[in-house]
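Heads up, there are several structures right after this.
Both complexes below contain chain A, partnered by chain B and then by chain C.
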Partner chain A sequence: MANDRNSFVFRLLLTLFVILVINFFLPRMMPGDPFSTTSADEVGEEIIVMTEEQRLYYMNYYGLDRPLHEQFLVYMKNLMTGDLGRSIYYKMPVSDVIILHLPWTMLIVLGSTVISTIFGVFLGTLSAKNRKKGSDRIMMTGMIAFAEIPSFLLGLILLLFFSAYLRLFPLAGAITSFADYSGPAEHTWDILYHAFLPIVTLSLSQLTGVYLLTRNTLITVTTKDYIRTARAKGLGEKTVWTRHALRNALLPVVTRAGFMIGIMMGGVVLVESVFSYPGIGMILRCAVVGRDYPLIQGILLVIAVSILICNLLVDKIYSKLDPRVAI
Partner chain B sequence: MSLLKVNNLKCHYQTDISTVKAVDGISFEIEEGEILGIVGESGSGKTTVALGIMGLLPENTAITGDIFYREQVISSLPESKMDRFRWKDIAIVFQNGLEVLNPVMKVGVQVTEPMRKHLDISPDKARSKCADLFRTVNLDPKWMDSYPHQLSGGMRQRVLLAMALSCDPKVLILDEVTSALDAFTRKEIRDLLVELQKKNGYTMLMISHDITFVSSVASRVFVMYSGRVVETGPVKDILVSPRHPYTRGLVHSTPDIFVYKDLWGIPGDFPAGDEFKGCPFSPRCTQKIEKCKEAPPDLIPIAGGRNIACHRGGVAGLLEAKNLSYRYRLPDRKYLKAVDNVDLEVGEGEVLAIVGQTGSGKSTLAHILANVMRPESGEVMFMDENVSKCNYGNRLNGVQIVFQDPFSSTSNRFTVLDAIKEPLDINKIGSKEDRLQMVKNALELVHLPGTGNFLSKYCGELSGGQRQRVALARAMVMQPKLLIADEITSALDVSTSANVLRLLKGLQNRRGFAMIYISHDLSMTLKIADRIAVMNHGKIVETGNSHDVMLSPSDEYTKRLVDSRIPV
Partner chain C sequence: MEKKKLLVLFSVFLIPLILMTAGCIDQDSAQAGTSAENTAEESQKVDVVHLSGGDYGYPQPFTIYPRGPGSSKVGMIFDSLVERDEIGIIPWLAESWEVNSDGTEYTFYLREGIIWSDGEPFTASDVKFTFDYEQENVPIAGGMESGVVDNVQVVDSSTVKFVLNQPVSTFLYKLTSFKIIPEHIYENVSDPTSFLDPEAVTGTGPFLLDEYNKEHGSYRFVTNEKFWGPDTAVEAVEFIPVSDPLIAFEQGEIDFTSISPDILDRFTSYPDIRVVQQPAFWGYQFYFNMNKCSELNDRKIRQAFAYAIDREELVGKIGRGAGKPGEMGILPEDHIWYNPDQPEYDYDPDKTGALLDEAGWVDTDGDGIRDMDGKKLSYVLSLGSAEVRIGELIKERLSEVGIDVQVKALESKSRDANLKTGDFELAISGFGGWGKDADYLRTRYCDTDSESGSSVASGAAVFGYHNDTLNALGEQELQELDDEKRKEIAYEMQTVLAEDVPTIPLYYTTSYDAWRISKYDGWMNMYDHHARTHSILSYIERDGIAEKR
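Up next, the complex of A and B:
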């Protein structure tokens, strides 16, 4: 047992190290550097073209002119003390930038996970109950076709229709700028109002996966002997479905939800960009454009760590839910 | 009025390509407090009957017929109404499998679940009742909080039993409850069931492939084959004298009943295809007639509260001997009664052993039965006709005898071909080519080469074992319905005789002929015989199932014979 634990910790550390190495070298392999950017992302943004002198000065200031391995060592040393470095673009500590934006991402990722799981399970159950009937076939075909639409395109359509055309929802941002809230209720409402479309977009893109998984697992589960046993006990269809079938079918769904949170943390970049939603996805894009090495490293690290944490949590939860898995 | 009544139940599984008649018209009634057994191989439809009663058959099953519980039809009830009967009135103990219990639910919860639903009791009360039930089935209540995978097979079976008893059902259906268990646990569960039944008077429907298990608990049994009932009756009678060829095969291939016999299954398989019209057992039956291919037999009552479904009324008699007597005249002008007023019957496909010491008259009897000698009085009937009048020894599908001494039946001067062909030649059966082919077939049956080289060998050149095989081939070439083997192994050494015996039994099993096996060696006969007749001083002193004769001999002489076996 202790041995297991040790090897587990070791593997975790190794994974982290590999991630750190990649995080460090990958951004630096892109052409250009933070101070020779000539492209502006948004129209109207000021383009500052530096002189070669200025560029060298800044390179020296951020230590970017030193050999790579030295830079890496410094980076590692700072990491040990919890220092993620300073963002070149935002001119503040990377950790502050992340702390500022991470909650928004968490909000839409967790929100959409919960929503897509609830609806997916519901629809999947409906479909499984009606299997061999027309409604199941129609639903399944529809869902699969729907899943073919890429999430950013879906987001774009929603944005154009609901925000630009109907003007029901805001076009950008996570809160109304310079708002003066009369109370926490109004504050919450404003947040939800802004998060609504991003969450819907992410949920819809997850829905089919949850739906199919629920449906197919349920169909397998309902052929199991214990379902027959439950029926024989005269418990009634409802109890048979909820307590016996669904309870077993949810095991893989929970696992999936856990993994999806991690994966969405990475995939959220495009959706956040579409909605100009100020989560870490959007600032990651800015950081890449601006070659803001420390910020890129920081965000990638956060994403990687959250994926690791999610996987760990999934293992823990699964062993709670399924008694057959001994911890 | 019976508690549970099933009337002409048919369950046909319908898939896109075919229909499987899992249950094809079965009817029975169970009285209150009675234990009825249903026995059959896997695939015979017995589990389908259980699921049919519980209303648990899959949607693609076409079900006809009625099921009554206390005069109420329960076979056509909607699910919600049926739920009121399930478990509370009729509960089922499923076969123990890993997934029969919900893997993510504690077993205690699974046992209390139906109580909460049907009995309207508080959670605490249900839990304490669950603990009681666990104790009833000899399981420590501490296991209530464990999950199914933490229990052994036997413990799971007990949980399943406790679960079935939880709502005090009137009818208990037990589906293969012991099949996945080891012998020891099996016995425990059996004893538990018997005890429970005695105490609470459950009405039980016990379904199993294991005829010994069923017969140790049930009072009446139904034997199912391929979705139909082939025989019913009181347990004892069915075990002692099975009447249907299938039941006989089942009983005779059960190691618990035939302790000493080598295990020979019933050859063949279920009829394939749903278009099959005839008796489902006909592909495996050794006594089928034309009619068996055309229509399935109905289940009709015979004496003794039994029913049988067979166009020939069950295992048909093949040979019947009445009042046979034969005396030898001794030099001192006295007579020796070699065969003294012997009555004997052999059924189709049956192996009867006649056992006795040298001089007990068994060989003389064999000669008379084979129509080699004429009895002084009495007659031998073969297929209801007199053996000697109809000359059954000289016809195909008749009676053939193989003698103790292969040298007398196969002359040294004959080639193998001539020796085997002789009966065909004498009786003018078939053309020249036919005869050669028949000889070759017969040789193949006895595992001898049918090549020209071997055919032209002289019998004198063969070893004892080979020669006995040639003698056997000479009998087989006439395709007998009854083969009499008179001490055929006594002239051979041990290993050769074991081989010949094995060959003989294999032949018998595959070809389905009846056999009278005459021997002085009790141990050998036990390995192959269904029934034993013990002979002493020309009289048959005891007949019975070979295990009965062996385990509980009633005649003094038999006892001595049994005791004289050299213990191993």
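Up next, the complex of A and C:
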């Protein structure tokens, strides 16, 4: 048992090390450096073109003129003490930038995971119960067709309709600028009001997956012997579905929800930019465009670690839900 | 069991929410006081102007971001010795100045009674300090490039002398973006790049930074009551994040925006909205790499390109009419020193054919591509993903005259890296600043002081171009202190360049600005810059020192 645990920790550390190496070298292999911008990306955009002296000064300031292996050792050493380095673009510690933006991404990712899971399970159950009837077919076709809409397009449609046309929701941002809140309740309300459309967009784009998974596993489960046994025992249809069928069908849904959190952390970039939502995706985009190596490393590390943690959590919950599985 | 799980899930969801609310409360209560005061007094003044925001960094010279309008936000807080208005350079912190006969010493007489926003007096030693400090700590913007000034001397508390290494005709122009920082604050700061304290934005300028939210990309500037100059015309300027500036403008969230020509009609009919075209100071340039493709050293070939590329068509099809075709003399028509009398290159494929035939490039094997001694006129055209349509149109026109082009779209940093190292054959890049002092003709196209093999100057991907006449004119232009004479030299330089075609300016964009007159109508353009919101004079009363000209 102790041996098992050791090898598990070893595997985890090895994974982490490989991630760190890739995180470090991949961004630096992209062409260009943070200071040699000469062209603007869009009409009218302002850029500050640095002179060669300025460029060399800043390369030296951030230690980018040193050999790559030396930079890597410095990075690893700093990382051991919890120092993620200093963002070149934002001019502040990487950890501060991430702490500032991560909660916003967490809010919409967790929010939409919860919502899409609840609705997906509900609709999936409904569909499975009415299997082979008209309503199931319509729902299934509709959901699959719906899943083909890319999330940023969906976001754009929602934004144009609800915010621009109906003016029900804000056009951008995560809070009202320069607002004076009378209390935490009003503040929370403002945050939820701004987060609503992004969460709905992400939820809708996740919904079909959960729906299909629930429907399919439910259908598989309901052909199992123990369901027949439960029915034979004379249990009511409601008890059979919730206690026996759904509980077992939920296992893969939980796994999926866990994985989805990790994947969505990296995938919210587009949705965040549609809503100008100040999450981690927005700054990742900026960091890549600006070749802000420390920040790219930091964000990718956070995403990687959160995927690892989600996997761990899924394993834990899994063993709770299904006692046959243990790490 | 079930309840517990739900509770855990719920609290996980709540954590980010609590984190965010907790972080903001103390800031908000601190802000409440100031905003109430502002609305009470001065009723005829515009209370607040809303502009499209976004995070461009803490507005001091060392911490703004290199992309986007960060430096104009620095300009709201920090002053320079001289400023630019719609016609030229005007006195600002310096009331007057004297230049010695050979143009190597500038003595500035500073305005009396100026104080920093924290109450400390502004003196000549702040000016000297700024220069010395920035020799050690290079700012992102607002500095003086090295090699120009030898030293700065404090003559007395309101007189300061700049000693130059050699006469530099554009010295005053360079000073317009040299922002003076307070000595009593920065002298204790060893690393200004990480200096994000409130004192860091202590300036002499018309506005104070009231609130900056990096996370959400919003700024609020309020009038600096201690400002030495004319009153501000707007009490406060707020930059707020918007996802689509146009919708935000229509809904009244912001009071100023740029609009594309396609939807111009939607705005021109409103009496309350003023729509004005920007001067053509932002443009696309087409580069030849003469080091890599030796035949491009022949100016006939380059001229042939200029005749073959239909620049009017680019303005119409890509710019939707909002632009002006490129001039081979480089400076756009709206530039104050544009030479209207220079060689013209209207679209004329026949002339291209004649020039190429003359140079010996003919299609011998009938594949539609001109060749000579087994070498074909075939090129790779590198550009950013935003310029693909420009590239495709050019490819089309060039193929009609027997020049083969393959368009290669690159991510913008990769393209910039190639432009810098000279790893391209032909390239397109878009950038602003075409309205700046004509001295850029010298820095970009004269190769007097650059090592061979590199591009002429950093920022300009002109590889392998050399012209003795132009170098000599550039040398003269740099030393000439009389602006009228210097203008003549700049005219000549344009003529030389237009004959040589070292690069092809494709077209300069002229976007439309729209603003609500009832909200605020004081917008102006500096003579050398396209964006109205970037001039500090756009926000203050145009009287006294800042009188409209």
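In this text, the second predicted complex is superposed on the first by the 317 of 327 C-alpha atoms of A that agree within 3 Å, B and C clash if a C-alpha of one lies under 4 Å from a C-alpha of the other, contacts with A are read in each partner's own complex, and residues count from 1 in each chain.
The rule is simple: contacts are C-beta pairs under 8 Å (C-beta built on N, C-alpha and C of every residue); 3 or more make two chains touch, one makes a residue touch a chain.
Quantities reported herein were computed from a predicted structural model and do not represent experimental measurements.
Asker: Should the pairing of chain B and chain C on chain A count as a clash or a fit in the superposition?
Answerer: fit
Asker: Spot which of chain B and chain C makes contact with more residues of chain A, would you?
Answerer: C
Asker: Where does A:Arg247 make contact in the superposed view: on chain B (first), on chain C (second), on both, or on neither?
Answerer: It touches chain B, and chain C stays clear.
Asker: Which holds for A:Glu237: it touches chain B only (first), chain C only (second), both, or neither?
Answerer: In the superposition, A:Glu237 touches chain B alone.
Asker: Should A:Arg256 be classified as contacting the first partner (chain B), the second (chain C), both, or neither?
Answerer: neither
Asker: Taking the superposition as given, does A:Leu100 touch the first partner, chain B, the second, chain C, both, or neither?
Answerer: second
Asker: Tell me which partner A:Pro184 touches in the superposition: chain B (first), chain C (second), both or neither.
Answerer: After superposing on A, A:Pro184 lies in contact with chain C but is clear of chain B.
Asker: Contacts for A:Arg215 in the overlay, against chain B (first) and chain C (second): which applies, first, second, both or neither?
Answerer: So A:Arg215 meets neither chain B nor chain C here.
Asker: In the overlaid three-chain picture, which partner chain does A:Val114 touch, first (chain B) or second (chain C), both, or neither?
Answerer: Touch status of A:Val114: second partner only.
Asker: With the two structures laid over each other on chain A, which partner does A:Asp322 touch: chain B (first), chain C (second), both, or neither?
Answerer: first
Asker: Determine, under the contact definition given at the top, whether A:Tyr58 touches first (chain B), second (chain C), both, or neither.
Answerer: Once the two structures are laid over each other on A, A:Tyr58 reaches chain C alone.
Asker: Pick out the closest CA atoms of chain B and chain C after fitting on chain A and give their distance in Å.
Answerer: Comparing every C-alpha of chain B with every C-alpha of chain C, the smallest gap is 13 Å.
Asker: In the complex, go through chain A and note every residue touching chain C.
Answerer: Chain A reaches chain C through residues 30-33, 35-55, 57-58, 61, 86, 89-92, 100-104, 106-107, 110-111, 114, 159, 163-164, 167, 171-175, 177-181, 184, 187-188, 191, 274-276, 278, 289-291.
Asker: In the complex, go through chain C and note every residue touching chain A.
Answerer: Chain C residues touching chain A: 9, 12-13, 15-17, 19-21, 24-25, 28, 31-32, 35, 53, 57-58, 62-63, 65-71, 138, 140-141, 143, 145-146, 193-194, 196, 211, 213-218, 220, 238, 240-244, 247-248, 251, 253, 258, 278, 282, 384, 386, 412-420, 429-432, 458-459, 461, 509, 511, 530-531, 534.
Asker: Flag every residue of chain B that touches chain A in the complex, lowest number first.
Answerer: Touching chain A from chain B are residues 51, 54, 56, 79-80, 82-88, 91-92, 94, 97, 99-105, 113-114, 117-118, 147, 149-150, 163.
Asker: Which positions of chain A touch chain B when the two form their complex?
Answerer: Residues 224-226, 228-237, 239, 243-244, 247-248, 251, 321-324 of chain A touch chain B in their complex.
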